[in-house]
Each structure stands twice: as structure tokens, then as C-alpha cells.
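Note that the chains are named A, B, C and D in the order they appear, and that numbering of residues resets to 1 at the start of each chain.
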Amino acid sequence: MIESHHWNEECGVFGIVGHPRAAELTYLGLYALQHRGQEGAGIATFDGQRYHEHKRLGLVSDIFDPGTLGRLEGSSAVGHTRYSTTGSTVLPNVQPLVANLHHQAVALAHNGNIVDARMVRAGLEDGGAIFQTSMDSEVVLHLMARSRHRETERRLADALDRIHGAHSLVLLAGDTLFAAKDPKGIRPLCIGELDKGGWIVASESCALDIVDAGFVRELDPGEIVGLAPGTSPRTVRRAPEGERAACIFEAIYFTRPDSILFGRTTGAARVALGRQLAVEAPAPGADVVISVPDSSNAAAQGYSQESGVPLGHGLIRNHYVGRTFIKPSQGIRDLSARIKYNPVRDVVRDRSVVVVDDSIVRGTTVRKLVAMVRSAGAREVHFRVSSSPIVGPCYYGIDTPDERELIGARNTIDEIEKIVSADTLRYLSIEGMKKAVGNGSGFCTACFDRDYPVPVAERLDKAILEKS
Amino acid sequence: MIESHHWNEECGVFGIVGHPRAAELTYLGLYALQHRGQEGAGIATFDGQRYHEHKRLGLVSDIFDPGTLGRLEGSSAVGHTRYSTTGSTVLPNVQPLVANLHHQAVALAHNGNIVDARMVRAGLEDGGAIFQTSMDSEVVLHLMARSRHRETERRLADALDRIHGAHSLVLLAGDTLFAAKDPKGIRPLCIGELDKGGWIVASESCALDIVDAGFVRELDPGEIVGLAPGTSPRTVRRAPEGERAACIFEAIYFTRPDSILFGRTTGAARVALGRQLAVEAPAPGADVVISVPDSSNAAAQGYSQESGVPLGHGLIRNHYVGRTFIKPSQGIRDLSARIKYNPVRDVVRDRSVVVVDDSIVRGTTVRKLVAMVRSAGAREVHFRVSSSPIVGPCYYGIDTPDERELIGARNTIDEIEKIVSADTLRYLSIEGMKKAVGNGSGFCTACFDRDYPVPVAERLDKAILEKS
Amino acid sequence: MIESHHWNEECGVFGIVGHPRAAELTYLGLYALQHRGQEGAGIATFDGQRYHEHKRLGLVSDIFDPGTLGRLEGSSAVGHTRYSTTGSTVLPNVQPLVANLHHQAVALAHNGNIVDARMVRAGLEDGGAIFQTSMDSEVVLHLMARSRHRETERRLADALDRIHGAHSLVLLAGDTLFAAKDPKGIRPLCIGELDKGGWIVASESCALDIVDAGFVRELDPGEIVGLAPGTSPRTVRRAPEGERAACIFEAIYFTRPDSILFGRTTGAARVALGRQLAVEAPAPGADVVISVPDSSNAAAQGYSQESGVPLGHGLIRNHYVGRTFIKPSQGIRDLSARIKYNPVRDVVRDRSVVVVDDSIVRGTTVRKLVAMVRSAGAREVHFRVSSSPIVGPCYYGIDTPDERELIGARNTIDEIEKIVSADTLRYLSIEGMKKAVGNGSGFCTACFDRDYPVPVAERLDKAILEKS
Amino acid sequence: MIESHHWNEECGVFGIVGHPRAAELTYLGLYALQHRGQEGAGIATFDGQRYHEHKRLGLVSDIFDPGTLGRLEGSSAVGHTRYSTTGSTVLPNVQPLVANLHHQAVALAHNGNIVDARMVRAGLEDGGAIFQTSMDSEVVLHLMARSRHRETERRLADALDRIHGAHSLVLLAGDTLFAAKDPKGIRPLCIGELDKGGWIVASESCALDIVDAGFVRELDPGEIVGLAPGTSPRTVRRAPEGERAACIFEAIYFTRPDSILFGRTTGAARVALGRQLAVEAPAPGADVVISVPDSSNAAAQGYSQESGVPLGHGLIRNHYVGRTFIKPSQGIRDLSARIKYNPVRDVVRDRSVVVVDDSIVRGTTVRKLVAMVRSAGAREVHFRVSSSPIVGPCYYGIDTPDERELIGARNTIDEIEKIVSADTLRYLSIEGMKKAVGNGSGFCTACFDRDYPVPVAERLDKAILEKS
């Protein structure tokens, strides 16, 4: 696979109650959430008697067919799309997790990372628990199984009280769907409404649009909501007091531009980021603004609008890049960027070009893009980034490269400019980001400033959690 | 699969001689030509002794892996990507075709349609020929097998003299690669140059870029060129006198925007089409111009530049639409457009919106897009098309719906405007297209004016060619 | 699949320590035990650090290839072949089961049935245990996980003390292999010795022969043995006092004829069964004795030797009957017996034929065989069965049809004779079986006399154990 | 795969007309003919309008499922099972071959070898024919395509007149089925009759039995028969004058023991071969006769009957040996024989054992079997072979090892006895074989005496015929 030059989200979740074709709608919802995880996906349904599940490695559209969807009977369902680093991509680690808690079978799908999962797990194993996966999410089930309560919602609250970190999760218990967000509200999660009494919970509102459900609201930090067909959403537990710390990167890159986050589409937020970038980091004398498609299109547009420099389509992206694209052998010069992007000579030749990208992780792709634009004839290349330098890893559900690989953590902006051979390279400030994205407060910006809202005692290491 | 609302190209071809990793470069080239055919693909190589081939249904990146590429030994190769309607999508119909012509084994890959293939085939079968496929391309091989000449290039010229229609083809005969275009030059085909004496022929120049080959020139109509490692391209046969009739739709939609056609990138041609459209069909009072992504992005940009109406990203396209996407069952309202596109409310709400699309085939998707933009809050929807109404089928290599399905063939523009429920709907004129794309002459515009440059005696019907 | 007219064994187990190619030898051993279960198979190895496992549905020779075997690193391993009725044939139910018991990861393979598994499981779930499979074997692991002991062997003894029924199991704990038999010694299990200090435990001695291991001895009822490389087998726990009740059906049908059981090969036991049958149920005037191949070959030979009636090959068995053989549609007369067997006219025509079979379950195949032999020209058909009428189900590890389907449970021998249209039909007496197989005592003959050696409080029902 | 120690038949053919479930009956017929070829199989049906075909590598029961059979519509069909050496086992070489001969599409299945196929093919290619496979059978189709006749039966006769060698073939032309045998009648082929006017042609009568068809007769050498629903078989062409040379090895080993050949079942012929062997090669003082199962069972029985030495089951064969059985690595001692056979100690220990086998090809398995029986405790091992030493290859449809590998071609019987370490080793004489199998004349015994009934100008070499 061609490595993405972005960070990778770990999961998208979807839950539904009260629709006769629950599996089919979940399939569509997962399809709309595909950008949040392409390693695997699964759906579990409840037909009033028993659960049915189907989960596989691969893309949503490859995993399900009419036969498998037909077998997923029932009017309630939860689904999950998963991203993961290669080592851990094994089927048992694909969600939802279905488990018999004796008096109640449940299905769980989780987005986020439980930062103290290892410690909690060790305690549970001491007490005789047998874990089947290396996923942090499984501790939630074992904690629920051992709760002294009998009601599922109290068991869930019990379990969530004992863990820390980021979790936006859906839990199906028969015909009732529970949705929960961690106390800081790090990952997104929203509620939608279907005709005729059905309810949906999804990571992003684009998954509501595709099934023609109405957007109701985002979950509050720390809230647990219970949804049953034909009755209004019931808040099982209010948010405990505390500061919200919503991931700002969701607005910068992860979330689809048509999804609503913090009250407006993130497409609009990205145009604002681009405008702010043009204010903070102009490129005098530039002839054309081009985007690194597609994730930076909105920011490039904002930059163009604010600066008055016309927009051009200077890089063409090949959308057929498959998961299994073969890396060319050593004899052929490095093509990894070229396979994904090709410059359009007519647009950049003999011009001073502003290239707008939403973020820089390792910097290797940026270097290749700059070289590519130059070799297509650009006179000058000015690189503009609609976020700040990434200086630290994320412990709350994003797959992070080793800190030593983060170009922003080890280099000044001037050094980065030299490394990628741009004529000029500028980032957006942290304050600029906050201002453009929202009201300026309540964001987790830990990867930009190492100010982690939830203490991380242990370094999460997937390999260590693997079945020994 | 979600039906495209565009026409579908039938094929992309690629040939190479003189590179030790011929299969690997062909793989990259086919990958860049993926948009010209997603039903299947194949590569045949020659290792100095024998041919190796691998072809399958599916996408290039799914068909090949390091193992299969490794087995495709040799320094010369031809490759093919194929589009086809479902009925004919069977493995034997995937190219290249490798055949033993006794004194010389050859491998053929062909883009286009031979309009008199059925008649020629019947004559060959009368003479004892046994056909293995239902592809028109196979007649070329049987005609070559029966040529009285011994030299492959004279056999090829012989065969091409006996057929009519559109053909841009590559034929590998050992270490020599032949490229040929029909006398009207309907489909594109160009020559590229590698370091160290290697040569490439490809349907589009984007397949040269990806392997870092230099663009040499497009083939002339009617030309046959022979390419051998280490020597200059040799024109085996000059074009016969006659009028060029290059497919104008290649510039409007088929060709990738970074490919060079008629002397410049088609991205530039499409910006010109959009500008011309703004001149011919303005939308007074419009607030925003949006594109139907991605194929209309350049035209929308041209429209915005010429009209001064700002550009917005009002429709988000989901690129994960797989080949096997399941059509939702009847109980769920029609989602086929929604699965592919989602409107961005912030961009269109309460605005007068110009939607730019490159062409309209059946009109069903257009109707859904207009409704979608309206339901996202647009005050007015003005649909603008950067080509003329399609009134007739293509017989030269494009998969065409039944003529009765062409909305432009049965309705006036005013009627179409009503059918799709747009506030206004305007097309570009034929003269406007010709002017924007090039010097105004030498184009096949048959699908827009039914002026067919090659007479079509028989209606090409894939089913009839099928193995009885 | 063509239904067998025999009962089906549920499992074969194999364990090994102290050989550098543990996986390869396990593969061979499972292959030799294939007759004990054809639904699925698995191998788990331990490489000194971690476990590796591979399990799939299907035949041993289809499940493993050099690549999968190569990845199963380590010098100790356990393996399993599984039979199961269709409903329960799901991958999670294939063994070995690998589980982290926190301080010690283990791999378990089990042959038999734990008759009180449901009750034990319910208690464990009440205490917060989460089960992942519907297999009774999983309770052993949860019981071990909750043992107050730390040593694996004491945990195992603890767990086995709390369950009842039939279990011949192997448990790998790092480099130590434990083998255990239930107190009645219902299912077989034996120890073998490799050169250079390696040890093997297997369900049958034919699995020792194939890897050239020496036969050491059978396990005693109730015994737990620990095996480590380079040291002698260590009896962890002696058998508790009590009567042995070894399954006599193992000698009659299940065990391979070259395996040693009760001190000699079961081939020899079957010849003795056939001789005893000739004594108890002669067929005066018979011209030829034929076997229902292959499982009755030895009994037919014994019958021929004792009676003096010559043996003939009157039924040919097609060994290519695959797992997925398609049942012919209703329009074609029932071919299920014919697909497997074909009579040889020359052998039976105009003769009085003795057909020897080892057992009768439902009787449907017997009826077809009698008709088949008659239609091939036999003058008389005398059916002889080298065991007694089956009158009750097995609760100790054999897949049993519903009791109402057992022809021997609902009919007298005379009635069965009429149902299958044999001229005469005779069974062997229970005393005759015991006498022929061994010293006459210590056998479980419950399916012949409903004298169940282990009380069965609950009816084992696979479906109920399934994940709800 | 474990190498067989026998020769391998190349094909089985089956044809049917006049049954509404033609594909289903062909499937059953091919299943009964599975022993004649396990590399691949195919079925082609004709539904009155067009042909449907399905062919794959693998076993019949794995290749077809209800879905594929359901799609094979029509009341006439031909089928084929194929054996082939590894190099040539590619899908295009699986039969039936379906071809459009312009005025008539046909489907061909062929058993045998055309000894002058290469020469004929070269001539056809000179004339412009394009071959698609490396199978000799394809020349029949090209010869038919070029026949000056229009009637299919005359085209077929024309084609067969131009080739030499062994061919037992079925050709479906719409609703008429043609069957043909070469002038020497080397390979078997017989006609069967269904109720209600349907007809079958099959390589062996066991394929008639399985579908409950009546055996009508074997085809005469050189005969062409036409079969149409509801009318009697019509002999299109009588046999030309000449000597029959039917392959005697079909009776010794290839044919299933329940198939009728030369007027009786080959099971009966093999008992006669065993009796003759006991007369020619007694083993004084022997205690037990054992067979190398299963192909030698009948011969061992004949030997026992004639000699009075009792029969025992001294070798157990594992029928689960799959196609993909992994060869153990070098570190483990050679297990290839042990994987397939295991000796039964009780039967051979301390005894003088006669081992009866039907033929010896390379001798390597024999050596292992002798060692195996000895290591199981046999006092003496006397090897007896119910055919003569194989001294030459077969050119008429049997897959033959290189002549240098034939132990009988390079060694005297005494030398072979030493090589395999038997106490004594004896073969049957050629005269004895002929006498036992039939009336003593009309057999091809070329592999035993190098007297080839059809001259072989060219050495058939599969590799050379491969697509270059």
C-alpha cells in the first residue's frame, strides 16, 4: 500500500435501532465512514432472539454482499470500521465485539483509545478473566461482566468509570442502543433520527445524510444516552463537570468536509483555516494556488479567496490507488508520490505556485511534491500548511508514527523549509487554528503543543497487547 | 455497482520495449490508465523466448501482485485495461490477446471498435478460422495469420487495410513493438521515450509521466510505427490522405486532465470549455459555482474565472465506491446518487447555485443532483453543461446506452430543464466546444450531431458476438 | 455431502514436545487421525516466547501448506481434528483453544464431551466469565483461570475435578505437555516416544506410526501425565479408584484398523468380531461373503475364515466422495448410496450373498445396499452385523442422531429384516462383542444397552450452547 | 502431492443426449470416472440455443456446486476429467473444447493421444490456423473447421482420417452426440441407454451404473456412432478392416473393478490375473497373502484362492491423501510411502508374507513397502506382481515417466528383487496376462514388449506443444 502522508484515524462507529433493515442502513453508514478506517469492518445485528455478525478485513464495499447483509437479520445493529497498523490487523481484532454477559448479550463498537487499558486488563486477568483479543475495547466488556449491577446501563456506567482516555462508543443490548462519550469528549459522536421512531448514532453526520436521517445533536462530553425505538433519547448519565477537549485534528483533516462538527460543516472550517493561513502567511507575487487533493481543497480555496491569488488544479490525484498497490522495485526510482499525484504542467509552468496542504507528518511526501511541481516547470514553490507543526504523538485514538519520525518535532520551520526544498514554507499558528475552527477553546491540541488533557501513564503499544 | 452517469471508455493500451522491468512499468502505466477501463486488465511480456501473460477481471491494483509481476519476465510488454458492459465481462475477453501465428507469436492490445468486425469474422469462419473470443480485436489476428506476407509489419498493414472503424493498437512481436492508429485517428495514442533506448506507446501521456518517460509525440492518423530498443521510431506506413476525426469527447471527459491531447493538457482544455460556457450561458445573480466532482472541476473553475462568481465545494464525492457496491433494496428510497455525492449545506444554503457538469447522458443523476442541492437549502439551481446535448450513440469504442435512453436525443433543452427540475439549464454549443478544445476542425462530434466519419453498416451488438 | 451411514467421532487430538519440527509432525499426526473428524483442524505451537496457531474448516491436507506450517514455529505443539454437525461448524469452534491465563498461556485440544458443561458454564458466567465459543472444552480453561493455584498442573487437576463426562485431552503449557483421561477412560489416548527425548500424545497409535515414534502405552483412566523434553513421562495424578468404561465402539468402528487398542490392533479385533458373528449367525448355503468397504473388510474376512464361505469384492467404494458432493435433485432417483458404492455383477449374480457390515444406525443405507446387491443379480441377501443393535444415543463424544432415528431403538431384529428387505438379518450379541474385543469387561456399551457409566443430567444440545 | 506408484490415465469422457438434467448426470458420470483423471474437469451443455461450459482444475466434487450445475442448462452435454503432468496443468488445457465452426458450434472431449498431432498442427498453422491450447485434441477441431463438407459427421470423419494414434472421443453438435474410437480401439468407450430415449457414451460402464443407465455395448474399433434422443444409435461409419489393439493395462489397473471391459468386469479379470500369478509364481511356505490396497485387492484375492494361503489386511491405506499433501522436509525421514500406507503388525508379525501388487513402475514405492512390512515384523516378504515388467513408455494416452525411470526396462527380475530387498519377487508372464484377461489376442501390450501397434514418428512432448 502507498503510505498515506497523513495521520490515520482509528475507527468509525455506527448504531441503529428501530428500522427493519438495520443491517442495510448500517452498511451505508459504514460506507460513509470508510475514511475513518479502511483495514476492516463489521456489523452485528440483533433479531429479537440472537445476534448475527459479519466482520472481515478489507473495505466495506468488499466485505458485504447481498447474501451477507440478508443474513444479518434484525431491526437493531452496530457497525465499525477499523484502521490499524499492519502488525495488529488480524480478524479477531475487528469490531463489533459480541459477548455473552450471561444475563444479556451485547455488541460493542468503539472509537478511541483507553490509555490505562493494560493495567486494567492485568487486574482482570488476575481475577480469572480470559481475553480473546488485544483490543483495549475488550476491557469494557469484562468490566461490565463483573459489575455488581444487573441493568446493562449501570454496568456500562460502572465500566466507563474505571477507564480513562478517549472513547466514543455504541453498545447494543438487545433492542436498546447506548452511546457514550468520554468526559473530555475527545472523539466526535452524534445522534440522528429516522422516520417512524428509529434512532441512529454515528461518528459523523455524513453517515446520517446517506441514510436520510435527520441530524439531532452531538453527544456531550461524558454523556451516556440510551435509545429505544419509538421513544425519545434518554440521557442515562449527564456529563461530569470538566473541560471539553475535543480533537482539533478532526476539523483540520479527519472528518469528512460535509460532516457537522462544532456546529458547522468541517468544509466551512477548512475554508476558514485557509483564509486565516493567507492572513498569517501570505505569498507575495504568487501566480496560482494549488491544493494537495482532496483533503486540502477547501483550505486552498480559502487561501485563494483571502489572498486573491487564483486557484488552479495543479496536482491530479489517482483515486484508484488500491490497498495492495505494489511498491516498485529498487531499480525504478521512487514513485510512491508519483503513483498518487501527477502535476499538470499547463497550470504550474513558469509560475510562482502556492501549494496548500492541511498538515505535515513525516515530510517525505512534501519533499516529493515540491520536487514534482518544480520538475513540471514551476518557477517558485511556496508551501503553506493549514495547521501547526506536529510535535507530539496522539494517545487518544490516532495511529501515530514514532515521535522521531515527526519532522515538526525535530526541526524548526526554517529547517523543514530546507529539507523539503521549498522556496518558502509556512504553518498556521495554534491560535490561528483555534480561532478558525471555533470559539477558540475546548480543543485538544496535544499533538501541536504536547499539552495532554488525559494523563498517559503507560505508552500504548499495540504489540504488547497482542496475544502472547 | 453504482452506475456512472457518464459514458464509459472501453480501453487503455500500453506497450514497452527495451526495459529490463517491462512488466513493472506496464503495471504502473495501466494503473495510470485505470480510468479508461475498470472491468479487467492484462499484461503480456516477451522474454526473448516465450510470452508470459496474466489477465483478470478487476482493478489493476487488485489483479497484480509481486509474484505475478515477477513471473512476467522480459524486456518488452503490452498491457490493456478494459471496460465492458456486464454481459460481456468474461475472462476470455480480457486483452492482451496472445496468439501463435506459426512463424511469429504476437500479443495485441486494442482500443476502439472495428465497425465491420462481424462481417469480416463471418468470412474468416467460412474459411475455417476458429474464434476464441467475442472481441472484434480477434479479427486482426486471424487476418494477420492468413496474410500472404511473412514479415509481421506487412501482415499487420494487410490486416488493418481490411477493417474499418476506430483502432488505436499496440502489437508486440518479440522485441519489436508496433503501434497503429486508424485513418481518422479517432482514439488517442502517443509515443514516449525512456532513458537508455527504451520506448513506450500509451493511450495517454499520463502513463508516460508515471514511469518518468518523456513525451515524444502523438501518432498521426493512419500511421503504423515500429519501435525497437536502441533505435529511433520507424514509421512503417504513413497516414493515407484524409480528414482527421479525433474524438472530441476525449478532451471533454475521458482523458485524464494531466494528459496531453491536441497539444496541451485536457485540464487546460476543460478550463477553456468552462470559460466558453460562462460566455454562452451566464447565470446572472448567481452566488456560487460548484462542480460535480471530480471530472467537472476544471470546467467549473473556468466558469468561475470567466463569470467572476466564486467557486465553492458544494458536493462531496465518496471515492470508496467499490465495484461491488450493493444497491439498497426497494424499501429504502433511491440512494444511488447519494451514495456517491453528498451536498455541503454551508456552501449552498440560501444561495443561487450554478452546478457545472461536463456532460449529460441519461439525465437521471442530474435530476437527483439538482434535488439534492435544493434539499440542502439552495435557493436556485442553475445547471450548466460544458458540452452539447448528446443525440446519438458512439460506434467507435465508447460503451453507449441505448439511443432511447439518451435524454438529449428525445428532448429539447427546455424539456430537459423541466425534467431535471433546474431553474435554468444550458448546454455549450458545438461550435463553442470546437473552439474551446482546439483549432475548431478535425474532430469527431458524431454523438453531438450524428455526423459519423466512418460509415456504420452494422449495429455493433456485443451479445451477438458472444460465443453462441 | 453424502451422509455417512455410520456414527461420527467428534475429535482426534495430538500433542508433541521436544522436536524442532513440531508443527510438521503434528500435521502428519492429524493427517493420520483425519478419520476422527473431517470438519476442521488446527495446530498451535509454542516457540519459547509465544504461541502460533492456524485453524480452519476443512481437511487437514487442504488447511495447511508449507507457508502456514513454516509460520508455526516452535518445538512443541498441539493439534486437533474436529467433527461436528453442520449447525455448529463455525471457525471459532475449531480447536486448539489458545488462552492467556495471565501467568501462563496454554493451548488445549479435547476429545469427548463434558456432560455437565452447561451447568458449569452458567456458574462461571454468573461470576463474570465471558465465553467466546459454544464448545464444552472452553469451561476447562475458565475453570483453570479461576483456580487458586498457580502451577498449571494443579490448575488443570482442579478444573478436571469439577467436570464430568468423557475427556481425553492434551494441554500445552509452554514446553510442557499435559495429557489427561477422564476417570472412566472412555476415549482412547496413548503416549509415544521420539528419538532424542521428544514425546507425543495422540488419540490413536496410527498417529505415532506415521511420524516413526515408538508406542509406549495407553493412558490409564483418570490419569494426568506431564511430558517434557528429555525427561521421562511423569504421572501428575494417578487414576482415582473406579471401574474403567472404555468405549467399545472405538474397536468396532471408529479406530483405524492399524491402531493399537486394548493391547492389539483393532484390525485383529474386527477379524475376531467377524469370526464370532459367523459362530452366532451363520448363513447356511451362502456362496460368497462380501464386505461393505472399507470399515467392514476385517469383519467380513473373519466371517469368511470362520464360516469357510469364500470372500469376494462385491461392492466397490468410490473414495473420491468429497465433502461438498451435491445431492442430486428430486427428479433423479435417490443416488446417495449409489454414489458411494457400486455392486460388481460378476461377484454377486445368481449367488446367495452374505453382506457383512460393522453397525447399523438409521438403516436407510442398509436398505439401499440390499436393493443394490439384489438388482445386480444376487439370488439371496443375508445381512450380518458385527455389533449389536444400537438402542441409545452416546453422550460421551459421538455425534448421535436423534434417538427416534435409530432403527434398532424402535424395531425388533425381525422388523429390521423386513424393513431392509434382506432374506435374513442378524446382529452379534453384546456378550459376543465383549468376548471378541477383549477380556469381556471394562467397556462402555451404553449405546447397545443404555447402561450409561456417567450420569447425564442434561441433554447435550449443541444449538443451545451456540452464541445466543 | 504424494506421487502415485502407478501409471496415470489421462482422461475420462462422458456424453449424454435426451435428458432434462444433462449437466447433473454428466456430473455424476464424471464423478464415477474420477479415477481416470484428477487434475481438472469440465462440462459443456447445449440448451437448444447456445453452449454453457464450466471447467476448472481440481476434483469433480470440488469444481461443481448447485449454482454452477444450475447454470449448465440443456438436455445434452459432454464432460471430461483430465490427468496431466504438472507443467501442462493449466486451465486452457482442460476440456471439453467448445468451438464455433461457423455453421455449427461443437463441444469435444477426448481420451487418448494423437501421435502425429504436432505435424498436423504445423500444417494447419501454415494455413493460418490460430491454436489456443497445447492439446493434441484441438487439431480435430481445426481439421473439422477446414473440411469441405458441411455435415458435422462428415467433417468429423474427415478429421479423424487425417490423424493417427489413440482416440476415444465424444463430440456434441447441438442435440446430436457423436462417439468415435480409433481404428485399433486402444482406449475403452461404451454406449448406455436411459429411459425415455436418452443416450449416454462413457469411457467406462461404471459411469452408466451411477446414473442408472443400461449398458448397451462397447464401441468397435474405428467406429463412429451418432446418438440422438428418441432414435436408435446410428453407425455413421463402420470400422475399417484391421487388428484390434486394446490396451491391456486398462484391465490390469486403470479401469474401475466394477466396469465391464472385454465382456466382463475387470474385477473378475483381476481375480483371474491373481490366480494365474499363483500358478506361475507360487510362494511355498507362505503364511498370509496381503494386497497393496486398493487396486490389487482382487488380484490378491485370486492369489489366495488359487494358492490356498489365507488373505489378511496387512496394509492400511489412508484415503484422505489430498492433492496438496505437503512433502515433509528433508530433516524428517522419507515418509512418502508411510503417509499413504501403514502396516498392521498383528497380520504380518513373524510370518512369511506374500505381497501382491498389480504393477511396478519405478520400484521406489515397492522398496519402501517391503521395508515397511519387514519393520512390522514379517519373517519373509515375497513380492508378486500380477502383470509383466514394464519395459517401454506408452504413447497412446498414458502419462509415462521417462524410460530411464522404468525399473523393468533397465534391470532383470533378479536385480529388481535385490533392489527392493524382497526375499523373492516374481512377475506374471505376458502370455499369462493375455490368457487371464481375455481370449489371448487383440491387445496392445507395447509397454511390456515394445511392440507398438501404431507407429510413433515423433516423441510426444507436452512442453513443446505449450504456447510458446
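Basically, contacts are C-beta pairs under 8 Å (C-beta built on N, C-alpha and C of every residue); 3 or more make two chains touch, one makes a residue touch a chain.
From a predicted model like this one, the values you see are computed outputs, not experimental measurements.
S.K.: Touching chain C and chain D alike: which chains?
M.R.: Joint contacts: the list comes back empty.
S.K.: If each step moves to a chain the current one touches, what is the fewest number of steps from chain B to chain C?
M.R.: The distance in steps between these two chains is 2.
S.K.: Would you mind pulling out the distance in Å between where the CA atoms of chain A average out and where those of chain B do?
M.R.: Their C-alpha centroids are separated by 35 Å.
S.K.: Find the geometric centre of each of chain B and chain D from their Cα atoms only, then give the gap between the two centres in Å, rounded to an integer.
M.R.: 51
S.K.: Nearest whole angstrom, what separates the Cα centre of chain A from the Cα centre of chain D?
M.R.: About 62 Å separates the centre of chain A from that of chain D.
S.K.: Of all the residues in chain C, which ones touch at least 2 other chains?
M.R.: Touching at least two other chains: none.
S.K.: Please list, in label order, each pair of chains that touches.
M.R.: Pairs of chains that touch one another: A-B, A-C, B-D, C-D.
S.K.: Spell out the part of chain B that touches chain D in their complex, as residue ranges.
M.R.: Within the complex, chain B contacts chain D at residues 49-51, 98-102, 105, 122, 125-132, 141-142, 145-146, 467-468.
S.K.: Flag every residue of chain B that touches chain A in the complex, lowest number first.
M.R.: Where chain B meets chain A, its residues are 20-21, 24-25, 27-28, 31-32, 34-35, 38, 59-62, 64-66, 69, 206, 209-212, 256-258, 264-265, 267-268, 294, 297-298, 301, 305, 310-313, 316, 318-326, 328-329, 331-333, 335, 338-339, 342-347.
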